[in-house]
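In the part that follows, the structures are each spelled out as structure tokens.
After this come two complexes, each holding subunit A, first together with subunit B and then together with subunit C.
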Partner chain A sequence: MVKSMNRLLQCQLCPKMCKLAEGERGDCRVRINLNGELKTLVYGDPCAAHVDPIEKKPLYHFKPASMAFSIATAGCNLHCKYCQNWQISQREPEETYNYNMPPKTVVVKTISSRCISIAYTYSEPIVFYEYTLDTSILAHKYGIYNVVVTAGYINREPLIELCKYIDAANVDLKGITEKFYNNMCDATLKPVLEGIKTMINQGVWVELTNLIIPTWNDSEKDIRLLCKWITDNIGVDVPLHFSRFWPMHKLKNLPPTPIETLNNAVKIAKKEGIHYVYVGNVPGHPANNTYCPNDGKLLIERRGYAILQNNLKDGKCKFCGTKIPGIW
Partner chain B sequence: MKRYNILTSILYIIILIAIYHNIVLYNNHKDSLEEYKQNICKEVFPTAANCEKKNTPFPYYIAYKSSKTKTLSDIKGYAFITTELAPKIKGFSGPIKIIVGISPSGKIQNLKILEQSETPSYVGNLDKFIVQFKGKKATEPLRLGIDIDGITHATVTSKAITSSIRKGLKKFYKTIIKDKILKTGAKEKNESFKWNEIIIPLLIFTLAILSLSTKKQWLRWAAMSLSLIYLGILKAAMLSIVHIANIILLRIPSFTYSPIWYMLIPLSLIIILIIGNIYCGSVCPFGVIQEIIYRSARKIKIKTLKISTHTEEKAQYVKYIILFIALISAIIANTSDILNFEVFVLFFTSNATFIGWILVVSTLLISAFHFRFWCKYICPTGAFNSLIARLSFIKIRASKDICKNCMLCKRVCAFDAINYNDNNIPIIDYGECNLCAECLRKCQVGALKLKISHITKSKTIPLTKKSHIKNPQDRIFVLILIIIILMILWLWIKNISSFILTQKSTEDYYTYTENPQPISKSISNDKIKKIKQRIKKAGIKPQPAKYWKKL
Partner chain C sequence: MINKRITRREFLKLLGIGIIAIFILPFKYFFKDEDTTNTPIKNKEAKYYSRAEHLAG
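On to the complex of A and B.
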């Protein structure tokens, strides 16, 4: 016992700061104390690799209609009760079927499948931090963009290092109360908010997603609070996606989010002054499109993940010349 | 009686050392205690730069963000100590001192137990219990059982903590933060004085003493069954080495809050000092269970485990050794928390680890084959009681003139407490006698009587002459004894190590208010091997990770 006590170490990647004894894994299931050293079990072993439209992430202000080579490994440092990818995120890497894909292979596959970006997505790129970092460094050398889809639950220092190589991020701001994060995600809110601010300060293009769950975070007050935080802290130009909840994992007792709730949320967000508010998981919804905040004209028309028309010119509105923020 | 003189003097020395130790400890730490008190709010606001104590209208503390300015906006939070705000509320065996940190908006931000002396089998849950209060507001009713889950089998403790935090919080909120309290549900009931906690223990002792003086067997069984139901099953309150250690460490609760403590611990010790060890014989609920098992095993004619007197006399020393080591270790650690190995505490609070349950079950099993195995050879509480009982004023004595030297009393004594002097007159060994009064009852000529005696007159108890008659069952007995002692040692060491570990880690654990932090548990070497094999089998090559540090 004394021996293993001596080998106690602390992972400092995410705010959970797990203290690990010999042989013990962190809360994320992929970082383990082996022989007194912290090792990652998912380096170069993704369990999912797909070619996805960038709109699926969702990133609406980043190279519309482009394809992203998307990879993910097992494990996640959050344990959301409604996780949509729980089959991989709430599993140990031994339990999933893994491909052998070192960073080099990922870049080669990205180029050969005509993708312009690599998306680190599905589960949580933070828990395969080393893999994400090495791959994105290599990708930048070949002119490939890096995109992360994350919950943003990470400590400041590793985040700043990662931000050097990340071009765009979709951060899932799951709720705006500590209670929601405590009860639903096994995490805390504050580091997420700090993380979002850090990313924006480091020059990463950030879009936010908020999944609206009936009875949990669908109240007008919560949505207003969320929008207020955005306008007060990171500005009105950050796109906000309200996503429709679908019964999943441990939260099958709730109905899918009613469309009215989403419409209502969009209204509140617009009223608070956020320029680009979208609705996700509802194909054909008018709020899938991008409208010019100046003259209200339709700029990008989307249906599902397809782009029907694009009225942007050099990142500016074709009609009035207003600059639309994003990477175009 | 030579051996008892030695044992008793060891006990005296230990008690004296304990009291001296406490006084010295207090004097030595007086200054650092003052400093600690000055900065006490750093316990709950570790990042606070400055700490100020206010005494009006009641003692409380303010934590400031910076060390220079003291404006309202610099206030990080407030803190109060439960014993200072609600001084009457105490736990089962002593006050529980908790510091509660409150944010300026009136929410509980953090709490920490500063001092407590509860029976340790509850203590393991105490940390989990108080964490429930985090984030609660003063406006919430904080009802036990509805808003806060209680600790099983520790109702008194959970009640004490909840009501002290609730009272303190409301008092604080009303006057300092000056906000209205929503009157919801929980009324501050004045804890009515619990008469049943006084009457029933008194009744039990009266029945036991009556059974001794009237020599009536059924009175003894009445006392025993009442004690099993009330003290054992309902209250889970009994004389234990933990309480003895608490007395030695001068941790004593108030009478009004915990009358049962007074009825049980000081009263039974006083009764033992007057008439002998009647507690173990007729009151102790675990003794009752063992006796019931033994008697029913006799009814269905299970063979007993008989051992030679020589082995038995040696084995009887074991309990004294356990007592001394227990008390010394409690004094060194300056806490009674580590003494949580007694079977009856584990059993009646039904709060034990795996090994703890094995110990409970095996003790109960052996009691079917050997009369009160735990009481006779292991129980440190019994050892303490018998060292006091030796000094008792009233003792059983045989009159030389009447005794017919029939040796019947020795045969009926289930505790093996009767020896003979050279004239074949029985002498009661008060170190072992549990006052079951079987000898008084069975003596055909009435030679044995309760008499007032003086310690100075006490006669030497002759040890049985070394007979060296070896009983084949002796080996089995010794083996069982060793196994039981090993199990106790295991529990003991576990308690001590967890005590040391919590001493070390409480700081990190409690000050971490922002983020939940899983606590690591050590994994056995076999399991580590299995984990490594599993990783290898899955074809995973562990790669070095970034951002970590050795602790």
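On to the complex of A and C.
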């Protein structure tokens, strides 16, 4: 007992700040105290590697129609009841089938797959932090972009270090109340809000996703509060994706989000002044497209993940010349 | 009565297919993939942690 207390350590990567005795793993399942040193169990061992359209992340204002080499390891520091990827996020690395893929191999595969970016996604790139960081540094040396798809639950110092190499991020702003984050995700809200602001201040292109779950975060009040936070803190040009919930994992008792709820959310967001509001998981919805905030013209038409037409020229609306924020 | 005799060319074709099948089929159906689920876990030192001897628990 005394020996294990002498080797007690505290992980400082995320706000959970897990205190770990010898041999103990963090809440994320993939960081462990071994002989008084914190080790990552998933470095170079992704359990998922796939080529995806960038629109799938979703990132709509970042290199449209390009492909991203997407990787993930087991583990996550949140435990969302509705997680779509729970088979890898709520697992230890011994429970997943893992590939041997060190950073250099990731970069080689990205180039050979003709992808222009690497996406650290599916589970939670924060928990495979060292792998994400080292791969990102190498990727930049070869002119490859880095994008993260994350819940944003990370402490400030590691986030600032990572942001030096990240070009774009889709951050899940899952709800706008501490109660939602506590009860649904086993986390807290404030660090996520601070993290979003930090990423933007560090020059990362950020798009937000809010999954609307019936009876949990679908009230008009919640949606309005969320939109107000966005306009007050990070501005009207940050794209917001409202995503449709499908029964999953521990929330199979709830119905899918009604389309009307999503339509209403889009109306509220636009009324609050947000320029770019999208609907996800509803193929063919008009809010899959990008419209000019100035003259309302259709700029980018999407069907699923495919781009049907693109009316941007040098990052501007080709009809009225309004600059459209993003990395084109 | 059906003439079951085949030409030399047809015989060589069948023989070739048989030889290829003998070498390829085992790789596709009989050999299992390398099992990586229980390979030793690689432990790279993580960043952002501190010794916490003074903390309880």
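Just so we're on the same page, the second predicted complex is superposed on the first by the 328 of 328 C-alpha atoms of A that agree within 3 Å, B and C clash if a C-alpha of one lies under 4 Å from a C-alpha of the other, contacts with A are read in each partner's own complex, and residues count from 1 in each chain.
We take it that a contact is a pair of C-beta atoms (placed from the backbone, for glycine too) under 8 Å apart; a residue touches a chain by one contact, two chains touch by 3 or more.
The structure presented is a predicted model; accordingly, all values stated were derived computationally and were not measured.
Overlaying the two complexes via subunit A brings subunit B and subunit C into a clash. When the two complexes are overlaid on their common chain A, residue A:251 makes contact with neither subunit B nor subunit C.
Once the two complexes are laid over each other on the shared chain, residue contacts for A:312 go to neither subunit B nor subunit C.
Applying the stated contact rule after C-alpha superposition, one finds that A:23 touches subunit B and leaves subunit C untouched. Shared-chain residue A:51: touches no atom of subunit B or subunit C. Of the two partner chains, subunit B is the only one touched by A:190; subunit C is not. Contacts of A:130 after superposition: both subunit B and subunit C are touched. In the superposed three-chain model, the partner touching more residues of subunit A is B, compared with the other of subunit B and subunit C.
In the superposed pair of complexes, A:15 makes contact with subunit B only, with no contact to subunit C. Contacts of A:38 after superposition: both subunit B and subunit C are touched. Of 5-13, 23-31 or 41-49, the segment of subunit C whose C-alpha atoms clash with subunit B in the superposed model is 41-49.
Annotation: subunit A residues 5, 7-13, 19, 31-32, 34, 36-41, 43-45, 93-94, 98, 100, 129-130, 133, 155, 157-158 touch subunit B in one complex and subunit C in the other. By the touch criterion given at the top, residues 1, 4-5, 7-13, 15-24, 26-27, 31-32, 34, 36-45, 93-94, 98, 100, 129-130, 133, 155, 157-158, 178, 182, 186-188, 190-191 of subunit A touch subunit B in their complex.
Within the complex formed with subunit A, the residues of subunit C that make contact are 36-39, 41-53, 55, 57.
On the side of subunit A, the complex with subunit C involves touching residues 5-13, 19, 31-32, 34, 36-41, 43-45, 93-100, 129-130, 133, 155, 157-158.
The touching residues of subunit B, counted against subunit A in their complex, run 135, 497, 512, 514-523, 527-528, 531-532, 534-535, 537-551.
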